[in-house]
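Got a structure for you, questions after.
Chain IDs A, B, C and D follow the sequence of writing; residue 1 opens each chain.
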């Protein structure tokens, strides 16, 4: 019925006393997410949104048998928070923080490879299994339970696509915002593999954007491995080379790699239809269910 | 008939053009070691002691299907040389260099854990399988073929013990100088495990010294795992606390750990007789064969 | 953030990488004085961020004062691929026998740095990569350990540099440290010139620094305003917007990078031309809305504006209030504004919006189509 | 290499770790002037490398000038566990509410650094470790990544430091960087005092630097001669010998650390008392042999010398020639010398040795027994 998160996911919020941390903790709890504790150095012993706060993440995770951590700490401290989260060996870490320095992330990624933890993000809206649990900042109200898996590098674009699906009464199994940074913990291939193995996901929407070669690699992976129908969308067809389009990762290189054209071509040659607009994406999905 | 090195070991010498490197390459070749190449940046294309020199270790190892590397480079560059050697994925690296900074070695050791390569040293005399191959600076003439495995933190002490054995016509299967530094690639337990598994090693001599807890851990390992008879020797009974006795690793801590007394006690309680002098060690060995 | 050549050279020289003597000049007289001081021949180089400056006439050699004067006059004030040249770097011309390429960048797919060396420097390295990929030798760096000296040597020897390989390896090691110490995303020397004496000299210098890490490099952040190529981009820095200027006439404001990019694409899809990318980010309130409108209205090319908000954290009613507030302050609405609000509190927002000042559309497609029509009308 | 407290404090203070005001003084007047300048109360602390200086009378508090004068007179020139006190550190006495221990060392078994924090500072930490091991919280550091800030916080919180935990964590992070940047083998602040205002101050400072890494820390290497406790150890540094002074009367020279240690042990086994550890290293030639003999003859306690060489790279004939050369230069052999040569070219060496000047023995045991007898005879 879902991938990665569900009713059993037990979540600790890192940075729960910050403005964003607190706001979204309330939102997550309201959505039904099982938030068991928070962690903020020097704030141990307090309570925020009804959950206990610990000085160290390790105490929070250990004392509450947590299985996941959501990271809401400012960019300068986000790498440290992720190293701390990896050190607790939880199953899942979701980093919302935008603006993590690239070299910090490169070191986190190196460490990640030595662990069994899955990292989503950074610079992502999080993950939601409608009706069960959301970890992150996704607006819960726009999602509905269903059988379409959604994976996207962009937050608001995800909402737009979900909105177009909802207008056609198509719900989602799980939606994963993998984040708009150049180095991320979970990429398209990881998400596609999870959705393809999920018996309750009957179609997958994959929203890519310019920059890097993840979409091209995902297209090859789909061609060789994925049996669930996939529909694509690529943002940034009009982006000029050498400019960072908002996301740190959304940049077409000077040599012309990472273009929307290359990604669309790769997907189409893997028999993945690519919508010109979010509405077209929803049309394609509808026709494949 | 031996552990780790034999007639089939194909060796590249790193630092072959240096004074020590060249001298010992000649000695090794004379002993019968299969030296296939050398590596020194900027000296590619030359020949030393009849073997070709390459600019990079990778070329030397790849072009000659080498299985082992001996490191003779000065201490300031030794860590880099070891990283380079580990990168080639040879089976065995032997580092003779004395004076590798401890923190450099700590990083090498971290990297070593991620590889399948065995490192011996640094600050060691090397390894010899009498009559077949020697990698390092051990004086070949004092060793004879036989059935006693020898592992030691010290070079000249090894020679002394070998001399005492030879006087009793006892030869060696393989002798391993694991080195006198605080952080070394192969420790007593590793060597004991190898010798215990070697059908042609009928007794093991283990020469320890003050500093660290390797001997204590080895004693526990012997007690639980080793079936081959082991005889011990511990140097440094008269060493005062807090002083480095020549070897960087030979230091009794201020709190009294790492003493000869503690090591001797540990070995004896694992039924390992510990000789008061090298001659006594030879007596014990003789009685156990 | 892209440093100018002269800024990057300053950083490189501080780490001991050999660079030619040079001086920045912003007038012809300054340039001539600099050339006299350095000694002829000199190269006079436009300080703007465009590739292929040489081919485009942005780099000239001068053998004497007359040539220096004429070169500086030609280059200062010229328009180079749309950018105005305000400064030139006057630099000792180096006699060279070979030109090498060395660079460090992040391999995002691998999540780790990669160092690169090529014996075919002095030309556009992207072209070399396309024509003869094997001419560029690459090596990944483990970010936990940094670039090992042996790796630097290995790429240099594999690139076939022979006698200068160990010197180039040293430069590469320094370049890597500089990349790491400054949170760079890219550093590059092209060409690294080899002189007749087999010395190496960095004849050009490229350095891009991670915008997200500028907070820990105040000395580089200070160079930022100087490095901005465009007044509007400079303004965007001040407002802290993700902004990219394009050459169309439909101004675009939205929230979230992917949605804004998509809005640009749909403007194009309906036959319009986007004037910019502008992301107001999550949770934007009135002031950011006002600033965003200021940005697009300041762009003289803009004939029509589309506002596309899909509220998650961002609330439609707050954005609507911000739009009203911003526009009500103006005597006249400079260009027609079309607004589309969806998501959190979108209906409340639509009710609030002052429809005397803006047009409101329900869907992304309709809003974009309307904005494109407005722009086309203005063009007629 | 062990730095003196005042040297280590200088290094610590440079990294921003708070330390009390202090001044080094080598005379009573200097000490009193320093105390006046700093303001009372002050602590007057002997600068020698011994543990438990306080208990042994090497640290005294002074509330006023008279007390400062008397404390400085007592301490300067005193003999502290065999070491002569030549300098004192005069230091602002800090009012504290708590004493914390923080330290970084290498866990040789694990091959990686370990950081330690204890709420039970101000006493010998080895005693705490023995009595109540849980009172010291340890955390291993991955040398590939260094100490993460969260790890520093974790040990501080787990040590039960409460309100000052984050400040202590910051000090620990700085201490770790300092450990890494200076190739230290050990750094320690004991006590790190907590004042009534909850500030933390390093009231003591221990720093040992890896001898093998001094080549890349010339500024620390320069402190070395100043830090040597003993003239003979100083001389050994100059000769580049591994040397340790002991309090017996049998001087020992050998090649290879393990063999020299064994020689010491066998001297003890036969009822003698070793005067020193001296390793001449591998491949030693005449000059090193001469220097080694100079070392042991310079030790006034030495009554007898034993030379134990097992030649591998080291050649017995070269050592023998060196011994002859060194002794033939002397008018008189100060103390009897017993030589044992084995291994490479041992027989040739034995033939060369001038038996008018030295006794020669075949085995280690015989050589040691002979040297011990010589020493015992001299004692009678």
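Some points to look at:
Basically, a contact is a pair of C-beta atoms (placed from the backbone, for glycine too) under 8 Å apart; a residue touches a chain by one contact, two chains touch by 3 or more.
Just so we're on the same page, UniProt names per chain: A, B = Succinate--CoA ligase [ADP-forming] subunit alpha; C, D = Succinate--CoA ligase [ADP-forming] subunit beta.
Since the model is a prediction, treat every value here as computed from it, not as a measurement.
Taken together, chain A and chain C share the touching chains D. Among the other chains, D has the CA centre that is most remote from the centre of chain A. If you average the CA atoms of chain B and of chain C, the two centres end up 55 Å from each other. Centre to centre, using the average C-alpha position, chain A and chain B are separated by 51 Å. Contact of a single residue of chain C with at least two other chains is seen at positions 144-145.
Shared contact sites, meaning residues of chain A that touch two or more other chains, fall at 107, 111. Contact topology of the protein chains: irregular, matching none of line, ring, star or complete. Remark: the chains found to touch one another pair up as A-C, A-D, B-C, B-D, C-D.
Residue ranges of chain A in contact with chain D, taken from their complex: 41-42, 44, 55-58, 77, 80-81, 83-84, 87, 107, 111. Residues 75-76, 99-107, 109-111, 125, 137-139, 141-142, 152-160, 163, 180, 182-183, 207, 209-214, 217, 233, 235-240, 243-250, 254-256, 260, 276-279 of chain B are the ones that touch chain D when the two sit in their complex. Listing the residues of chain D that touch chain C in their complex gives 144-145. Looking at the complex, you find that chain D touches chain B at residues 51, 106, 108-109, 111-113, 126, 129-130, 142-144, 180, 183, 185, 210-213, 215-216, 242, 244, 246, 254-262, 264-269, 274, 277, 279, 282, 310-313, 342-344, 363-365.
If you check the complex, the residues on chain D that touch chain A are 145, 148-150, 153-154, 157-158, 165-166, 169.
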